[in-house]
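In the two complexes that follow, chain A is the common piece, with chain B as its partner first and chain C second.
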Partner chain A sequence: MKLKTSYIAAAVIAAVAVASPAFLGAYPLNVARSVMTYMALAISWDMLLRSGQISFGIAGLFGLGSYASALAVLRGGMDPFLSIVFAAAFAGVMAFALGFAILRLRAMYFSITTLALMEIFRIVMHNLDDFSGGPEGVVLPEVIFGGNSSALYWLCLGGLLITIGASWFFEKSKMHLALTAIRNDETSARSSGVDIFKYLLIAFVVTSTMQGMMGAIQVQSYGFTTPETAFDGNFTLLPLAMALLGGVHSTIGPMAGAVLLGIASEWLKLQIPYGHLIVYGVIIILVILFMPQGLVGMARRMIRAGREAGAGK
Partner chain B sequence: MSKLTTTGLTKAFSGLVAVNDVSFNMEEGEILGIIGPNGAGKTTFIHLVSGILMPTSGRIEFKGKDITYAPAHERSRLGIARTYQLIHPLENLKVVENVMIGSVFSRGKSLKEARKAAEAICAELELDRLQRDTAQLSILEIKKMEIARALANEPEVLFLDEVMAGLNSDETKQVIATVQRIARERRMAVGVVEHVMGVIRELTQRVIVLEAGELIAEGPYETVSKNPRVIEAYLGGAA
Partner chain C sequence: MANKRNAAIVAALITAAVAAILVWRPTVLINGLQSAGLYASIAIPMGLILGIVHIVNLAHGEFLMVAAYATYMLCAATGMDPFLAMAPVAAVTAAFGFVIYKLTIRQALKSPELNQLILTFGIAISLTQVANLLFTSQTRKLSFDYVSASVDIGDLSFGVYKFVYIGIALLMIAGLKLFLTRTTTGKAALAVGQNPKGAAIVGIDVDKTYGLVFALASALVGMMGAVFITSSSIFPAVGSPFTMKSFCLIAMAGIGNIPGILGASVLLGVSENFLKAFRGTRGWADIVFFVLIITVILGRSIKGKKA
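What follows is the complex of A and B.
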């Protein structure tokens, strides 16, 4: 019964999301794309967090995807759509190789290393003048789909849906058991036959692929990028804030957080153009202090409390 | 048939030799007591055979296969399971998921099959309401859950590291009866670390005694408990 209503709700939301270009103008569609990009990044960040590993490298893989896609088109003459697939795979392969080194690290050592990797990617792109365009970045000959705002919207939605699908799979398959066990107690996990490194590597590669894919979609939709836009720290900070606000260790939490903060950010950017990030910082602090389970966690608690009160009557 | 054998097993922590040259074996269907004073190296010994720690030297064989340096998750798949002296519940998983995990990853069962297996094991241990969070469990129930989780690996060799600690005597009897029955039914070799000597006397056919990392005595409890070296180890030189 409860399952059925949630499936119907999901189907209705998906249908509205797909049909949006029919009744939304160019500006709202643009805002929606930004929200969807951050949402996908927030979900992918959370997917790895379920193993207890906190990545600060979202922007690194996002930027890597951006550059891989742009350079494949510019230097390799690849079809723009194909370049998105290529960039996603490239980010995944990079994560696979890097994973052997950094997935032996835990807690803040892992976090700091992922942050450093992002900086390294940015500096490399900054300095590979001949290949990457250096500090000026790259400009593509044309925007994908001729810049049609509906098509760009659907492309971004497609990327988001793939990410949601992957996250849902992580929640419903044995990945859920493996990642939660690793997060709770690695010793117990090992004694129950969980190959910890293998599952961390799967999670890292899958989430990096998603982040690279969203970066590629972004660059193909705008037609240009620079090291400072592709590896913008906001692509790390905002998804993190969204997931924390909505509630971590779930698919629905980061989604809810992305909708709320995404729309709030558009408004805040207009109100305080240079100070809106301060508001994010305050939100993160308040959420950690007063709502460690996030909005979804709080809603769940209230529903449970309501049910128990109802049962007591 | 010999299930688990160690030869000259040694573990040193930069100078401190926690397990020193221990050779022993466990037979199919046998319940073996592992006793010794605090700090004797009992838990370290179990860490070594279950792969949580790697030995400094020596050799471990499981059914004739060298597993000295095999990682813990591989040993779990081969058929070595254990519980922990300090409880290790997976607090973000339901009780049933805590138990299922061994079936899924050690035995490669599907989630559905694993759930069924977990429910059967919990029924055997009289652990119910499996949809609960682990935070809602009593100490007895947590101990049962940890035994159930180890059994879900379908082990051939099982180590119980002080599972009775913190239980009252009725609860202890209940757990002893269950362990005996399951060990008999499955022809499992069970190694029991316990400080309550009544449990050791009742449960085990054979006992090994560790002191300061060394194996100092071996045999049936009745014999070993009269061994002067063992009495000295427990009570000190004055006795």
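What follows is the complex of A and C.
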């Protein structure tokens, strides 16, 4: 019975999300697109976090996807829509290759290496003047779908739904057990026969593909990018804060966090042009110190407490 | 025996490389050593925290930035020389570091390492953004005559001021060595770094030691922040690259090896300036450090696997 309600709720939300271009103006649609992009990144970051690996390199794969897509269109004459698929695959292949080296690393060494990789991608794009346009970046001849705001919205929504689907699959399949086992205790996971490297590699490749795809969607929707916008540290910081606030190790947590923080930051950007990001810093600190389970974790605990109180009567 | 011979070969190769660079492009070596001094003196306090408190403080560069802004305010208001401002700024940042430790990091000591990493990341963002709010992103600079002091040797003319950073790094290394091996507090800190539980059993107040080490490291960063503004302009994000660089240098030297940080800094500084010396590769100088960090981390992980 309960399961049915949550399916109906999900279907209603999805229907509203799909139909919203019909009743929203261009500006709210634009805000929605940025929220959805961050949401997809937050979910993908969390998917890898479920194995206990914390990546600081979201912006790296996002930027890589942006450039792969833009350059495929500009230098290879590829169809814009196809280039998004290409960019996602490219990010996935890169992650596969890199994964062999960096997935041996654990804890802070993994995190720092992902951050360093992101910087390397950025510097490479910055310096390959002839190929990537150097510091000036690349400008595409035209925006995908002629810049139709409804179409752009649906494209972004499509990317988000793929990410949600992947995350949901991770939650419901054997992946969930494997990743949780690795997170809780790697040694005992290994001794119970979990192929740790395989699952880490799958998670890393899948999440990187999502991040590359969102980067490609972003660049095709705006029609230009530069090393500094594609590899902007905010693409690491914001998703991280969103997932933490909402509650990690779940699909719904990062989604809730992204909606709250995404809309709040749009508003704050207008209120405090300089330094509105302080909200993110403070939220990260407060969540880590006082609410490590995030909003969703807290809500779950309250529901459980309420139910137990109800059962006691 | 084999190890000794390998070490001798490496030493000979390094000497030969240095000699070759010295003859061919002396400025590479001079600039390299000067930036090495700066890197090392910023990294050493972070190495102290990592070695004893075992926390990667991702807000390290931001502490430097806070100190730099404090010095800027003080010097701009009173016309004081930054070198004189070192003492008051160090006192302020020591208190600042201590408060940050007590309010945030102390609460997270028991939580997983990743939470600590994210926590200090959050602190870093908050500090940068507070600076953004207070000072906007505009760059600020104070200029001093002595910074442009230069020396001519034959055809070669180069600035000597930045050698002061090497001096500071050497002083820090010597001072910390004395502190950690000769004083009771220092020995206690070393013991806590090696084994907090054991140290607690023999009656060392671990929490107090952590607080003290944090304050001490912040004071050292504060001093560096004061000197830093003499040669660089400052803006809210000025410190963040130094966090990564410092971590890389510490990882290269090995955690707990403070003199090794200077050696690693020389390697980084010289290789960066080597690339900067050529027009074609100038833009790539920044990448040296990131390649270095990944090589070092991967190298260590492979070595660890074999052992």
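The criterion applied here is as follows: the second predicted complex is superposed on the first by the 313 of 313 C-alpha atoms of A that agree within 3 Å, B and C clash if a C-alpha of one lies under 4 Å from a C-alpha of the other, contacts with A are read in each partner's own complex, and residues count from 1 in each chain.
Operating definition for what follows: a residue touches a chain if its C-beta (ideal position, glycine included) is under 8 Å from a C-beta of that chain, and two chains touch if they have at least 3 such contacts.
Everything numeric here is computed off the predicted structure, so don't read it as measured data.
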When chain B and chain C are modelled together on chain A, clash or fit: fit
Which superposed partner A:193 touches (first chain B, second chain C, both, neither): first
Which of chain B and chain C A:305 touches, first, second, both or neither: neither
Which superposed partner A:185 touches (first chain B, second chain C, both, neither): first
First, second, both or neither for A:174, with chain B first and chain C second: first
Touched partner set for A:9, first chain B, second chain C, both or neither: neither
Touching partner for A:113 - first (chain B), second (chain C), both, neither: second
Superposition-derived angle with apex at the Cα centre of chain A and sides reaching chain B and chain C, degrees in steps of 10: 80
Per-residue contact with chain A, leading partner among chain C and chain B: C
Per-pair minimum CA distance [chain C against chain B, superposed on A] in Å: 8
Chain A-facing residues of chain C, complex: 56, 104, 107-108, 111, 113-115, 117-119, 121-130, 132-133, 136-137, 244, 247-248, 251, 283-284, 286-287, 290-291, 293-294, 297-298, 301-302, 305
Residues on chain B engaged by chain A in the complex (per definition of touch): 50-52, 71-73, 76-77, 81-82, 84, 88-93, 97, 100-102, 104-107, 111, 149-150, 152-153
Chain A residues touching chain B - in the complex, by the definition given at the top: 173-174, 177-178, 180-181, 183-185, 187-196, 249
Chain C contact footprint on chain A (complex, rising order): 52, 54, 56, 101-102, 104-105, 107-109, 111-113, 115-117, 119-120, 123-124, 126-127, 237, 240-241, 244, 272, 274-278, 280-285, 288-289, 292
